[in-house]
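In what follows, chain A forms one complex with chain B and a second complex with chain C.
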Partner chain A sequence: MSDPILAVSNLGVDLQREGRIKRIVDNVSFALQPGEVLGLVGEAGSGKSVLARALVRAIAPPLEIVSGKVVFEGRDILSLDPRALARVRGNRIGFIGANPMGSLDPRLPIGQQIVEKLRSVQPEIGRAEARDRVLDFFGRVRIPSPSARFHEAPFQFSGGMMQRVMIVDALVSDPSLVIADNITQPLDVTVAAQIIRLIDGLRQSLNTAFLFISSSLPVVAQLAERTLVMQRGQIVEQGLTSELAANPRQPYTRTLLSRIPPIWKDVMAPTATDGEAVLKVDNVVRTYFVRRRGSFNAYNQVQAVRGVSFTVKAGENFGIVGESGCGKSTLTRLLAWLEQPDGGRIAFLGKDLSHLSAHSLTEMRKSFQLLLQDPYGSLPAGMPLLRMIEEPLLIHGFDRAEAARRAQEAMIEVGLDAELAHRLPVGLSAGQRQRINIARALVLRPRLLILDETLSALDQVEQAELLDLFNRLQATYGFSYVFISHDLALVRRMCHRIAVMYLGRIVELADNTTLFEQPHHPYTRALLSAMPTLEHNHFPHTRYLLDGEPPSPIDLPLGCSFRSRCPRAENDCQKTDPPLLALAGGNYAACLHRHEKETADVE
Partner chain B sequence: MFVLSFLLRRLLQGSLIILLVIFIIFTLLRVVPGDPARLIVGGMAPDAVVAMKAKELGLDRPIPIQFLSYLSDLATGDLGTSFVRPKSGASLGGSAFDDSTREDRAKVLDLILGTLPMTLQLAALSLAIALSVAVPLGTLGGLHPGRWPDKLALGLGSICVSTPNFWLGIVLTLFLSVKLKLLPAIGYRGFSYTILPAIVLAVEIIPFILRTLTVSVAQVMREEFIQIAPIRGLTRSRTVLLHALGNAAIPLVNLLGVQLGMLLGGVLVVEFIFDYPGLGLLTINAVLQRDFPLIQGIAIFISVMFVAINILVDLIAMTIDPRLEY
Partner chain C sequence: MSDIVQQGAAPRTVARRGLTPTRRMLQIAVGRMDFRIGFVGFVLLVGLSFLLPLISPIDPIKIAYSSKLLPPFPAEGWRWPYLLGTDQLGRDVLMRCLVGLRYSLLIGLTTVILMFIVGCSLGLYAGFRGGWVDAVIMRLTDAQLSIPMIILAITILGVSRPTVPAIILVLGLSGWPLYARVARSVALGERNRGYVLGERVLGASDLRIMVLFVAPVVLPPIAFVAVLDIARMMIFESILGFLGLGVQPPTPTFGNVIADARKYLLNAWWIATMPGLFMLVSLTCLNLMGSALERARNAVLRGEA
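Presenting the complex of A and B:
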């Protein structure tokens, strides 16, 4: 084995706050060979990001590097003088972070900023040469029309494109090491899969070493030959990624692995009992008008939801999945009747909501409740817990004593400590806060709960606890749930039927088993194929993975709106917009060339 | 193309605002007590002369008609003539009704344009003083929150904001012109007469700039793209000068627009104290003399200035930050 490019020994970082010292990175040692991809996994708060920043000495108070060496290309970064450090950072070591949208000056063209960076670290490069080099890299990370996009500012890019820009920013100085800190975390699953594939291709052609950090072992496993497992600042286990996944030796690694929800292996898809229809959505349309940039009085139509129909039955868990921009948030607002659809109708318990009087609508609102994603922004900060939970009851005209009694019951039911009743929500965890929100919805005895990414802000353990709570409440009260989520594993575990949305339409609606094992729509297969898994993915990347990004909902392709990315698109897809066709078993798919019984493609 | 449609839209909005201002000012002035016809001819004139004057000026017509004819005059750039001011300059308030010089009254537009350069000069100088003090200190304060530059900025701001301008004007006059004889204070006979009032105005503006800049610089410095700039290989000076200040400048530009609007509107108290012949002094005298056309003219002129400055400020802000294009 050649000399390592990076050798870290006994690295320690402390957090000093209010006179107390907390060890964030504890005695970490590892080495990285030239051209190697080394994975680093651990939960949120395990010290991964601090470690990443300590490697380039970007540590500021209250954090402090207290011990160790970071030997990079033969020299200790921690003892370099500032001028020598400046020659390494951003030059020999590239850095890509988890927030591509916030990583560059939002006002200035991205091309100009990367040229600025390149010429800061390598002043001998001329302006024209730097520009050519940046453009060349834009092509290599497959940013479409590089010379036009060179002059655009960050806000004109999508998250996935911006992450490509940041990859160029890191690679443009031809570094020998790139630190990639959670780079796929903010991205949609198909886009994240593209980024992973891109990095895999680049590092083979550039011979750059990567330290690839993520909180998810399946993500790391896509790239890294070796992986470090970090817990509370310490490296608890390291080894070949495949071996780590197959035969974990440390209890912590085993816990990490056990929290990865299975998709195909040993999965029992929940099946629903047939009940009456609670919510009936019929051909709902919502279009927004946005003034066109640079025009005096012209408007663009953003077709957020285009003719969506489905029914949710009593006691059913209905899932709606799709990537950002597919219209699921707009649909949520329509379902919760925060906005009215431009066309179509939404009926709840057989009553069309648009025909109800204001009074009966308020009465009806008791029966369907919305739970939001952000547990911090959705609670009034200055109100005691019990009062918060009483509030919906008081709004609906219950007397105080009754409201207090019901609120206390609800607190016990969702697992909130009765001692918290008169406290403010300050200092409560995200999970506890979501429990308050659940209690607030629960006191009204609703029939339907709409969960808009309600669990995405929580860690795996809290998520599992709340899912159990949801199941328990369903068994007691017969609730129906609508899960709106981008998390396929969650939907796999909870939902009876699932709708897949793409550009404002449902492209496939099927029961759990069909959707995950024998989906008919190529987009569903692409979504499943893009999921990072440790188990064998039934839908191989090579066959199903998508290129490009969804088109803008302002400028939809004619015919089938998925055809611009579809691997199965043929000529007739340009002419015909496929309707959502009923298939066997109460399932639906909107595709002219849908996958029928192609078991050969399913591995 | 974009700038054209932006200008077109903003100018239309602006004219609507100005029309509204004209309407309000016009109505208010007709409602308040005081007969302008009597004012013009003088208190001693017989009623018949007053009635004749009123007829001559069209003051006996219904108010909506008066408003329409005023609007059509405005459209041709005619702001009317002052009731009391002659072209020569001195006020005629007290002279006899049959004095022949009465007829030669000054055009409102000329009166405003005559004082405008003085006000512009004062505004520019005070803004320059304020910026040269507040920008470096505010930036430093934002770069080192909680440290001494921040505390100094906060302290200086508090002192400035709690100093009454009339008091400061008098004290500065006492020390700088009476005792030390460094600067002239009263009236106007050259550029040096602008300095004292400009200092007093600058002291009024400084706290706003300081506060805005410290807050926005401190905020930008916490942004991710500034935090990771050193890891990307950018130097600190480059990061601060190009990226942090560029982003922090937008709230400042908006603030300066409002401040400049106020300064151009004439600063009543300060111009009065220093007897500085700007728009503010003109306003005070017009009000005291119940010189309706002049008050109307000044009010409309100021609203036009405000609208124009705001359009300009938005254009500048858009050049600094293209995200603001809408």
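Presenting the complex of A and C:
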């Protein structure tokens, strides 16, 4: 074994606030070999990011490094003078963060910013040479047409492309260590998988060591040979990633592992009960008109939802999954009747919502409720909790005493402390806030609850608690749920039937087991393949992972809208836009080609 | 010792949690020193201006040449009961100032209430509804803002008689667009917030959402600025009075007293200075209260109390 490139010993970082000292990083020691990828996992608040910043001495009050050594390439970073430090930071050690948009100047062209960065850390490089190097790296991270995009401003880049730019920014000075702090967190699952694959390829060709930080062990496991597990500032366990995942020694690691929801192994797919149709969505279309830039009166059509149809039955959990920009949010707004569809119809309990009078629509609203994603913005700030939960009852004309009684019942039912009744929502946790939202929806005794990423702001423990609550409520009141989510594991656990959306259209609609084990549409397979998991993935990256990004919903390609990324597109895909075709078992997929052969050899 | 303190502390926090946010805000504001100073000063001045002219035998408009141009209290030659001296016609400066303050406060307060109600309701409606409603109301404010206040005052007060309601009308007309604009801009931001969507889903009507949910968010910051605006309106009232467009003599107001006293500034400085001093003190008190209220509100919304 060669000398480690980075050796950290007894590193300690304190937080000083109002005279109290809190230890954030506690006596951390580890070493990193050249070219190695070291994972660092731990839940939010365990001190991962502070540790990452301490490694490059980017620590400012109230934080303070109190002990330890960080030896990088034979020198202690913590005792370097500022000039020597500047030669290491950003030059020998690169950094990629979770917020690429915030790290770039919005006014300057991307390429120019990176050239400037490179020349500031390596002044001996000439302008032309720096430019060539940046262009070369743009090609290596597979940014299409690098020389054109070199001159574009940050806002013209998508999240995934921006993260590639940040990777170039970190790697362009040819560092021997790159710290990657939660880089896949803001990205969609297929794009995140692309980025992981990209980094995997790059480090093999560059021989750069990576410290790969994430809150999710499956994400880390895709890249890292060794992994550190961090809890409350301490490294509680370290070892080979595969071993850590297979036999964890520490209880904390076991807890982390037990919170990862299973996808294929030991899952009980919930089975549907057959009830009457509660919600019937029929060929719904929604198009937005956006003024074209640089013109006075020309509009672009953004086709957000294009002919979506499905039915939700009583007592059923229906899932809608897809990446950002696929039209999920628009569909949510349509389902909750916050917006009216341009075409098609949405019928609730057999009544077409567009034909209802204002009065009967208000009456109808009692029976379908929407739970929003953001637990912070969705509650009025200046209202006591009990009054907030009474609100829906007061709207629908209950008297105050009755409303107060039912609101109190609802508070108990969703597990809110009765003594919170007269408090303002300030200071409540995200989970408690979502419970308030659930209580508000619950008091009206609805038939259908639409959950728009309702759980995505919560941590795993809170999520699990709320899912139990949902199950309990369903058993008591017979609710139907529509889960709108990008989280496949959640959908796998809760939903009876699932629709996969791509560019405003449902490309596959199938029951839980079929969708996860024998999916028909190539996009569904790509989604499953991109999912970070410790289990053996039935859909290996090499075969199923997609390249590129979805086309813009403003100018959709002719024919099948998925064909630009489809691994098995054929000539007829360019001409025919496939409708949802019926498959065996009441499932549907929008693909012209039957892939019996491929379906057969899913691993 | 220490458990006594804890026992005392626990029930108090519970009791404080039961209070409404507005009550808590007032509580915090009252606890602040600047609010207390402002409040005490303001109450003293208001009490004086309303009570003293009632109980004092001195008539603020009665002319007495025998006692003209008497200097104020510590200076040589002053005479009881003319504490702040007398003017060129022998009228008591203190009494004239108090009556002027009375008019000033009356006009300032009424104007601000009027502007606040008209401006905020129009602005809130425009911002919340959007579309052509918004366009029409905003073009109205543009039109109003393009007319300078003084021109408007000369036109209206010059054509009709400058009575108190007319002055309030002029000041209110020139001031409401500002309130409409601010209310609209905040309401625009609130329109698509989660809690508004949540209310819509629950089935609440637009009016209910606006009055019950958007207004409590949008209005308090504007209301606190409005307290500061009372001071501004009092200044405008004296400007009108100074130009001769305010409440007409012989009724004394800050404006017309100062305007008349200009000629005597060199040998009887107190006639013009005293009304200015009264204005300074009352405006300072108002501003102290206004800023303390705003800080208290911020503290409550940040969850510090």
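Points worth noting:
As a convention for this text, the second predicted complex is superposed on the first by the 598 of 603 C-alpha atoms of A that agree within 3 Å, B and C clash if a C-alpha of one lies under 4 Å from a C-alpha of the other, contacts with A are read in each partner's own complex, and residues count from 1 in each chain.
The definition used in the following text is that contacts are C-beta pairs under 8 Å (C-beta built on N, C-alpha and C of every residue); 3 or more make two chains touch, one makes a residue touch a chain.
Just so you know, these numbers come straight off a predicted model, no measurement behind them.
If you put the two complexes together on chain A, you find that chain B and chain C both fit without a clash. Of the two partner chains, chain B is the only one that A:F95 touches; chain C does not reach it.
When the two complexes are overlaid on their common chain A, residue A:D374 makes contact with chain C while staying clear of chain B. Contact with chain B, but none with chain C, is seen for A:D105 once the two complexes are overlaid on the shared chain.
Contact with neither chain B nor chain C is seen for A:V236 once the two complexes are overlaid on the shared chain.
For the combined arrangement built by superposing the two complexes, chain A sits at the apex of an angle of 30 degrees to chain B and chain C, based on C-alpha centres and given in steps of 10.
By the touch criterion defined above, A:I125 lies against neither chain B nor chain C after alignment on the C-alpha atoms of chain A.
In the superposed model, A:S173 lies in contact with chain B only, and not with chain C. Contact with neither chain B nor chain C is seen for A:I65 once the two complexes are overlaid on the shared chain.
Closest C-alpha contact of chain B with chain C, superposed model: 6 Å.
Residues common to the contacts of chain A with chain B and with chain C across the two structures: none.
Those residues of chain C lying in contact with chain A across their complex are 17-18, 20-21, 193-195, 197-205, 208, 213, 216-217, 301-303.
Listed in rising order, the residues of chain B touching chain A in the complex are 1-2, 5, 8-9, 223-225, 228, 230-235, 238, 242-243, 246-247, 320-323, 325-326. Interface of chain A with chain C (complex): residues 336, 338, 361-363, 365-366, 369-370, 372, 374, 376-382, 384, 391-392, 395-396, 422-424, 426-427, 437, 440, 444. Taken in their complex, chain A has these residues touching chain B: 53, 56, 58, 86, 89-91, 95, 97, 99, 102-108, 116-117, 120-121, 153, 155, 169, 173, 291, 293-296.
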